[in-house]
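Common to both upcoming complexes is chain A, partnered first by chain B, then by chain C.
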Partner chain A sequence: MSNEHITEPEVNKNVSPLDDFDNAETVSSAASSAPVSDDSILDFDDDPLSATSVSKKSLVIFFLIDTSGSMKGKKMGELNTVMEELIPEIRRVGEADTDVKIAVLTFSTEVRWMYSNPIPIEDFEWARLRASGVTSMGAAFKELNHRMSRNSFLNSPSLSFAPVIFLMTDGYPSDDYKEGLRELQTNSWYKFGLKAALGIGQEANDNILAEFTGSKDTVVHAYSGGQLAQMIKIIAVTSSQIGSKSMTLSDDTSHELGEEDVFAAKQKLLGQQIQELVSTQTDGDDVPFDTGW
Partner chain B sequence: MFNGFNHSVMGASHEKTNLVCQDSSAFKVGDHYAIAVVADGHGSKKHFRSHLGSKFAVEATIEAIDRFYEDREALEANLPTNHKFIIKNIEKQIISNWNMKVEKHLAENPVTDDEKSNFTPEEFEAILPESYYGSTLVAGISGDNYTFGVQIGDGSLVAIFEDGRAVMPMEYNESAPANVTASVCNSNAASLFSSFYAPNKKLIALYGSTDGLYTSFGSEYDFLDYHSIITSQLVNLETFKNIIVNNLSKRSHFGTEDDISLSCIYNEDLLKDRIDLINKRVEENKKAAAQRKAAMLEKKV
Partner chain C sequence: MIELEIGQEVEMEFGGKAKVLSVIGSGGQGIVYLVRFNGQKWALKWYDINKMAKPAAFRKNLQNNINDGPPSNKFLWPKYLTKEMEDGTFGYIMELKPEGFDSFVDILNTYKLEIDPLTGRGVKRPVKFNTLSAMVTCVINIVNAFRQLHRAGKSYQDLNDGGFFINVNTGAVLVCDCDNIAPDGSNFGIGGKPGYMAPEVVRGIAQPNVQTDKYSLAVVLFKLLFRGDPMEGEKVVRDVCLTESSELKHYGQNAVFVYDPDDASNRPVRGIHDNIIKFWRIYPDYIKDAFIRSFTTGISDPTKRIIENEWQKLFIRLRSEIIQCGCGRTNFSSMFIHQNEKTFKCPKCGMEFVTIGFNNRDYRTPLYLGCKFYECEIVPESDDFTAVAGELVENKLKKGVLGIKNCSDRQWKAKMPDGVFYDIAPGKGFPVWQGLEIDFGEVKAQI
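Our next item is the complex of A and B:
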């Protein structure tokens, strides 16, 4: 016996629950059937397949956070508070059409991930951090390079936007950060990722942070608790908004743009928006970290 | 006795850009064998006829495999010892069939001025005619106690053998460079196939899908579990098939908006015999998923 079935595809919005599976080839023009609302496609209480959820395009936001001893006190206290407040704001960024995930890497004498994998933003809970030890930034770069891979943290089958990588530190690295950065710079996710950095207090070295981000435009500084809260929110929200934006792969002349063009456009946009937003911030009556905190 | 189903849905992104569905799919139940096949036309600018290329790839595959099964006894007698050679010849035959279909179509339907209008004359000259039709291809074939598959480019094969576990049986092809998207239109296409051969195993179900399905999942575990759930419902295919169609539409609509094709062949008798085992696997998968999530949410600092 021989039984061959080649079917013509259907336009997904027009699929009706009454469509005949095997006779789909007779549906020569799906566009001719009346469109049904999104809801009728989506809600099946009796659908056993809904046990496996649908993944949208994902964006992982990596936070690299200095938890060395110099962060102890107000800096770490403020950072913990801001990060707790920030999560709901980032959650809103991804609501529409992006699965946002968070990965937090802390570095002091040791480097440590807050969770063993990137966590979907809806499940993410901030674990309050404590500060002690030295600033192993180079080790953090190496660890990030190791995990930022299809074989590790970025192993989801769903398509990914290039990640957002946000570095926060208040001091000078105590290890060979250049060696770690050299390793990280070979990582394609790093190359195409959106990178931003925040220096906290007077001791943070903007040149090192610019080496990490590749541009001074994506480096900002906070000298007080109020500024720290403002800057973290500006960078995290802006970079996740830009990071989760699908930029067209062809320009006005219908030339197809490569990944590098899209990355360059996004990174430039991030620098511009951060600088614009930072310039509108006021110092207020904040007490600087380095004078009395 | 084999049965099967196939379906292709058009992705929302292709609707938005007025592109036709680039996927094609089919299944065939023959005499003591069955074939599931899907193909995904590349859809980018220079592959402007890839919706036809994917259709030709599906047809070329079924025709090539049918030809090898004209003498089924001889084929099955030789497979255990010469499977690499036989599968390689099937791959070559598929590419040869596809090229003939493309040549015939192009001869009967020369490139129109409208199709050329997206390119400068120099750009158009630089495109090889086969590239107009570029497509991936994934095909799985099963006999009474063996299964094999061939693949070029993205896409997935999932098999459920007698033990009821969903597995991805395709072996990595060292000759296919990781940074190159393999296609039936490549000049060295026959050397870019991946393949597998699973002897002395009875198949319960085999699924081929285009990458739009795989990329609609957050983890490979979920992707495999999805196939176990479908298999648990195949005993009631007539009532379940609309749910599959709608679920594929939902995945395309809310996932990565890509076209999705799924083609399945299954052994009706073995499925009925092992349905309790399949249902047990579905329950095990649910528990394992809950355990994985609990472990993921454990804080480390």
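Our next item is the complex of A and C:
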């Protein structure tokens, strides 16, 4: 682990937070009441060179992946391959500022996490997925809501960035996705999170996906294997880049920024960048073999 | 064309072609490739002009910078532009990072992730400064580089931890990503990296300039020494999630330094900001005061920010106050017992260190075997902080006798126990004794 903490944080969890990230459980007064000790210089743990890594913000990237029976074959093969290749590519995305972790939730008849906890990206290994069963998307939303909490997957003692949530599906939900989504929408991590979705093939419904992401800009569609790999990379790389960094809020200096100017700025930027990238991709599969030379 | 392909050839502005060999890395503005040009390997930065506000002006500025040349050899400066492609995209080539340099990011992380090409697994190689002197020299080098840049009338604009390569053995520094450097007052669309940006830039009421560079420089120095974020304390952590609006608040509208003496609302939190808590008590007051000034009055009043020359003096002093004790303890004199006005004592082994006073400064410098002083410390007009002028050594013929060796190229005079001043030619030396006085020319020193 790159972000080792020597001591347990002296945080208490009783003070009401400024935002409602999991209602009333957040870090509070620690150092102000306990000023830095006046330890004598006889304390030998004072080597100016023996630093630990700078305190980092933490980012969890959630992949929600449809593993229903219709994903069988080429789709799942392509997805497994691209995910294996993708992980090393986004390893360095956090630089010195962010610890990036990955959590993968699969949904078919059942909803299942690939690992029981988010795994640091440096140690993450993709476990190949298999497809079978129906599409319990609503149950997946409920499970995600349950885990996106300070008591569960988002338990970093230091600051976090809002999570990246990337949904991939090829079909229409077989359960009541709306009820699951309503629950999820009450979750502050979801509200501030960076949401993107990929529809795979003819059956996937982009309107449902836009309901999930909150805007059409962050929904893309893949109709072929080549596109699937391209789109997964575009979304995962772009969203992890934006998600793992603070935001350059504006380069317009005509007026002072207010909260309303910056609200959901990252999500808007994600939408913009995804659209730009998607529009520049040419789909090799759709181009007749004798053109483009 | 946003991405180049391996093997692709890019035409250079003044003829010749650069052949793309591999990808080195990618950043916010584009991708950096390893290329071969004129039989040599170079780094090619290739822009995504879609992300640029004013590509033509940006290119013109790069051209001007190439013509002006780097302010010193501490910069990995743009060397040649490429031709523009049909769609207007372009890039420039620069020299590759030399061997032996690590990125500042890796130093902050304390390791570099090296990927095993066979398994694809990451292996962590530790990265840290070898000596305290190398670390402080690195700080002086960074400060000096920006002093040179600002003296050339230019500002760096997006100063951040990605902008340096550092040699952890010597403290040598190379400033990279020099492509946003622009004449003070102009800006070609870069805002900067959050956490490093001056509050007025975060708030959207100023564009990057020399004054905002000074704020970012203070953040870089703080991160290098204290290994944490100067504005991230309890107040920020309490927000749990750093949303866009909390960022605007904590780094713009209401930025509070973690050790603001008049505002304790944002102190470092144990378990999260342990580095800062530990290191803050190690550094002497004149260093802490400079950071306090930068991050309190310097937040709202850019003219109150520390100028590079002042940083340089402070850190040259700090380097001269490092004591390397025979018992292995190496620290600043502030962490040794101040036995009396002229002596420090090691709290671990009890060894005592005499000090020497120079007439051009109001603090005394501890002497220990191996300690050095530099040209800039004994020649008033010198800015040379790397050339060693003198060193405390043991006499090779008389074991146990310590003295100062003249490593400069000028003659000094030193007072010997017989009360007479003798000429000390370059390469010669003289013993350290209770009544020692040295005449370096304009600068004089005495025990």
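Here is the rule we use: the second predicted complex is superposed on the first by the 213 of 293 C-alpha atoms of A that agree within 3 Å, B and C clash if a C-alpha of one lies under 4 Å from a C-alpha of the other, contacts with A are read in each partner's own complex, and residues count from 1 in each chain.
Assume contacts are C-beta pairs under 8 Å (C-beta built on N, C-alpha and C of every residue); 3 or more make two chains touch, one makes a residue touch a chain.
This structure is a prediction, so every number in the text was calculated from the model and none was measured.
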{"item": "First (chain B), second (chain C), both or neither touched by A:W189", "value": "second"}
{"item": "Residue contacts with chain A in the superposition, chain B compared against chain C", "value": "C"}
{"item": "Contacts of A:V278 with chain B and chain C, given as first, second, both or neither", "value": "neither"}
{"item": "Partner chain(s) touched by A:L159 [first = chain B, second = chain C, both, neither]", "value": "both"}
{"item": "Contacts of A:S53 with chain B and chain C, given as first, second, both or neither", "value": "both"}
{"item": "Partner chain in contact with A:V134 - chain B first, chain C second, else both or neither", "value": "neither"}
{"item": "Touching partner for A:M114 - first (chain B), second (chain C), both, neither", "value": "first"}
{"item": "First (chain B), second (chain C), both or neither touched by A:A210", "value": "neither"}
{"item": "Partner chain in contact with A:K245 - chain B first, chain C second, else both or neither", "value": "second"}
{"item": "Touched partner set for A:A264, first chain B, second chain C, both or neither", "value": "second"}
{"item": "Residues of chain A contacting chain B in one complex and chain C in the other", "value": "2, 5-11, 15, 17-19, 21, 30, 38, 41-42, 44, 46-49, 51-55, 57, 157-159, 250, 256"}
{"item": "Chain A to chain B touching residues, read off their complex", "value": "1-13, 15, 17-19, 21-22, 24, 30, 38, 41-42, 44, 46-58, 99, 106, 112-117, 119, 123, 125, 127, 129, 155-159, 250, 254, 256"}
{"item": "Chain A partner contacts - residues on chain B that touch it in the complex", "value": "4-12, 15, 21, 23-31, 44-45, 55, 58-59, 62, 118, 214-220, 222-223, 225-226, 229-230, 232-233, 241-256, 259, 261, 286, 295-301"}
{"item": "Chain A residues touching chain C - in the complex, by the definition given at the top", "value": "2, 5-11, 15, 17-19, 21, 26-32, 34-42, 44-49, 51-55, 57, 88, 91-92, 95-97, 122, 150, 157-162, 188-189, 192, 245-253, 255-257, 259, 261-266, 276, 280"}
{"item": "Touching residues (chain side chain C, partner chain A) in the complex", "value": "2, 50, 53, 104-106, 108-111, 113, 115, 120, 122, 124, 128-129, 131-132, 135, 161-162, 189-195, 197, 202-207, 223, 225, 227-229, 232-234, 236-248, 251-252, 264-265, 267-275, 277-283, 329-332, 335-337, 347-348"}
